[in-house]
Amino acid sequence: MAELLRVENVSKRFGGLLAVDRASFVAETGRITALIGPNGAGKTTLFSIITGFQPPSEGHIRYDGVDITGEPPHRLARRGIARTFQIVQPFAGLTVRENIAVGAHLGRPNRVAALAAAGDVAREVGLGELLDRSAAALTVAGRKRLELARALAIEPKLLLLDEVLAGLNPSEIRDMVPVIRAICDRGITIVMIEHVMQAVMSLAEHVFVLSEGRIIAQGSPQAIASDPKVVEAYLGHGAASRMAGVAHA
Amino acid sequence: MLSPVILFPAVLNGLMTGAVYALVALGLTLIYGVLHIINFAHGALLTAAMFAAFFAHKLLGLDPYVAAVLLTPLFFVLGYGLQRFVIGPAAHGEDRNILLVTLGLAVVIENALLYAFRADTRTINLPYAFNVVEIGPAFLAVPRVVAFVVVIFVALALWLILRLTDTGKAIRAVAKEKLGAELSGIDVAHIYAVTFGLGTACLAIAACLLISTYYVNPQAGNAFVLIAFTIVVLGGMGSVAGALIGGLFVGVVESLSGLWLGESLGQIGIFVMFILVLLFRPSGLFGERA
Amino acid sequence: MKGLAPILFAIVALAMVPLITSSNVVINFLVMALLIALVGQGWNLLGGYGGQYSFGHAAFFGTGAYVTAILQMRYGINAWVGFVIGIAAGALVGAVIGLLIFRAGLKGSYFALVTLAFAEVLRIVASVAPITGAGVGTLLKLDLRPEAFQFQSRALFYWIILAMVGLSLVLTRLIEGSRFGAYLVAVRENEDAASALGVDATMVKLCAMTISAAMTAAGGCFYAQYFLFLDAGIAYGPWISIEALLAPIIGGVGTVFGPLLGALVVKTLGEVTKLMTGDAPGLDLVIYGGVLILVVAFAPRGIAGLFADLRQRFGFSKIGGEGSRG
């Protein structure tokens, strides 16, 4: 299968802190790839490097065979890379429709066309009822959907989702999972940062695990879940053997 | 090259002037450091303080140094009240609104002074204004030496307040992490107002130090505040030490460039320096790169 | 075109005024109000729609005014040509300052501070440079011919500034309904989110600043023709920077009619103050400053916002149209 995104040995240094340490991973076209790891592992930093919000200290990003390292976010968006923000960033003074229309304008100079397209995208993510509502008046779940809708509206080839399920209750998560799967089924490649493991297990085909800035494991969700290195990354040094000990006892 | 006999007094004089600049800048940077706003009313408040010092002398016969003892707490209360009851509530927590409110205050204060006292320029005469101290080849006016000493003392006092008192610790907490401070029970609105009050109190002291050698008219404060902005930007927004060093630095630069360029170009020079620093080194010469 | 009818209506109604009264007082008053409306619309485009609060729009006003005046007086260039060049010069100053500021990434307080500083630099330069007449000022020659952009009748001047305001309203309305307008508002609301959606924020702000500067410069050009006198304090002084932002903020920031409404209110306030207290220096500005604080405190969306609230209260509201502006 063809790869759409290739992250090569990317490092990011903040003063003395190495937030991302020679991380490499690949996202294949048409698939959902998940990036998991404990808090502070550098996932969001890696996302902002991929989307041009921060330059990497070292390493390269290739997208569709082209080296895009250091390109500004708006130009990457025009290449077809969309992202959502972990901390939602709505245009608070605008309505839901106007919010989404900003994205829809990317391929559509015409205002009426962009507003119409915004309506279509809103219905796809389940915001159809709330089109004329102010973005500031949305619930957390609504705002997460709005993040997703705006990103979709630029009609991306690659969609980077930064914890779109965080802060949702179980029934809201259950509603969102098919929405994400449907997006992938339309042919949009997805890379998602996610903490909700149940969603990662059911959505992702390939998982990369980031810990302390390094990719420490990769594989199918099932393989990852039983990888002792991953368990240790989440639960602390020695946790895997302790758990194994418990299981054997 | 100029001889040390000319340079030495110029540098010393620059340090004396720079000290007062530093004090004005100190107030500005303190407010910026904690409230994260640029107080556009700073100049107008300095002018108001200068008028207060002027009339304290004219009407009550108070020596400016005595007046400082009264005006400093008075302006602290004024600053506290302005932030607590005008700027804070009016701004609804939005930075753009704070800008507008402090601008509105500046317009009101400056023009109220213009309306009350017209554009006339006033000075006071003090018997000791022309006394000098001799340091090597330099003759320094007594009021400027006093100003220098007072500013160093005030900066030290401010530093001790911020380090040692509970209020000072609360101020630093709010400056670093407003939400966290709020969650640990600090009354942020109160701390904001205290900070604004401290910044305004600095202006009262500066005004009393200035009035003995300088004139006052409804725009008198603006010249100083522009320089103070430059200093604050040079020293790094929010940095107390930066304001002090920056103030002395700008004073010396101004004094030395006066030797070569003359007075009239000096004003543009400061603006140009200001814009250049903002454009190319917005985090300040001494601050960390943003 | 949708939304243009109210503009047409307002302009036609205002155009009738000289037919009803020939009072120079009334016409002069309205000319000043319209001038501020035009200058304020310039500010509104950048500040209201783009969220970049400039404290130094005098830089553009003064450049327009001086370029028009100097081209005529020193180079004998036709007033109308000078007028166009004046606007272009204002736009250029806006573009250059904008480029410097936005590339340096300055926003918020810093943006206000640097625009203020630029205006002050220009004021000081103009007050000493020989080409502006330095301290004496620039006097334009009285030449009451339409070719020289000077008219015997105040009404003609009035219609010209009214037409300019009309154009600025139409332009603002068109921008509001365009992709550029949507991008500009998106940048105001959240720059990071906008750039993630393909918006080149620096470019959008730069364009807005250039158009904004051109509009404000047009006001300066008109000022020079109408009053035939300039000095550094008039052209680059803080008064115009303050009125430029006061009008849209009082009228309704980020709305098409805000600057016009606000300018009428500001100028009325100014006149009333003058009538009640005589021409005391400073008092009008004391009131302006006070009104600015009051509006920010109690009606942050200005008069236009109050109208919108009223309409909502009396049942014309869209469902779920509540929520605050960011």
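Labels A, B and C are assigned to the chains in the order they are written; within every chain, residues are numbered from 1.
We take it that a residue touches a chain if its C-beta (ideal position, glycine included) is under 8 Å from a C-beta of that chain, and two chains touch if they have at least 3 such contacts.
Since this is a predicted model, take the numbers as computed values, not measurements.
Colleague: Would you mind checking the shortest number of contact hops between chain A and chain B?
Modeller: 2
Colleague: Central chain, going by Cα centroids?
Modeller: Going by the distance between chain centres and the overall C-alpha centre, it is C.
Colleague: How many angstrom lie between the centres of chain A and chain B, each centre taken as the mean Cα position?
Modeller: Between these chains, centre-to-centre, one finds 48 Å.
Colleague: What is the distance, in whole Å, between the centres of chain A and chain C, each centre taken as the mean of its C-alpha atoms?
Modeller: Each chain's C-alpha centroid was found; their separation is 44 Å.
Colleague: Measuring centre to centre with CA averages, how many angstrom lie between chain B and chain C?
Modeller: Comparing mean C-alpha positions, chain C is 33 Å from chain B.
Colleague: Inside the complex, what are the residues of chain A that reach chain C?
Modeller: Chain A reaches chain C through residues 51, 53, 72-75, 77-78, 82-83, 85, 89-94, 98, 101-103, 105-106, 108-111, 114, 130, 132-137, 150-151, 153-154.
Colleague: Would you tell me which residues of chain C are touching chain B in their complex?
Modeller: It comes out as residues 51, 53, 55, 100-101, 104-106, 108-110, 112-114, 117-118, 120-121, 124-125, 128, 242, 245, 249, 280-283, 285-286, 288-290, 292-293, 296-297, 300.
Colleague: Residue numbers of chain B touching chain C in their complex, please.
Modeller: My answer: residues 32, 37-38, 40, 86, 89-92, 95-97, 99-101, 103-108, 110-115, 118-119, 218, 226, 229, 264, 267-268, 271-272, 274-275, 278-280, 282.
Colleague: Of all residues in chain C, which touch chain A in the complex?
Modeller: By the definition above, chain C touches chain A via 177-179, 182-183, 185-186, 188-190, 192-201, 318-326.
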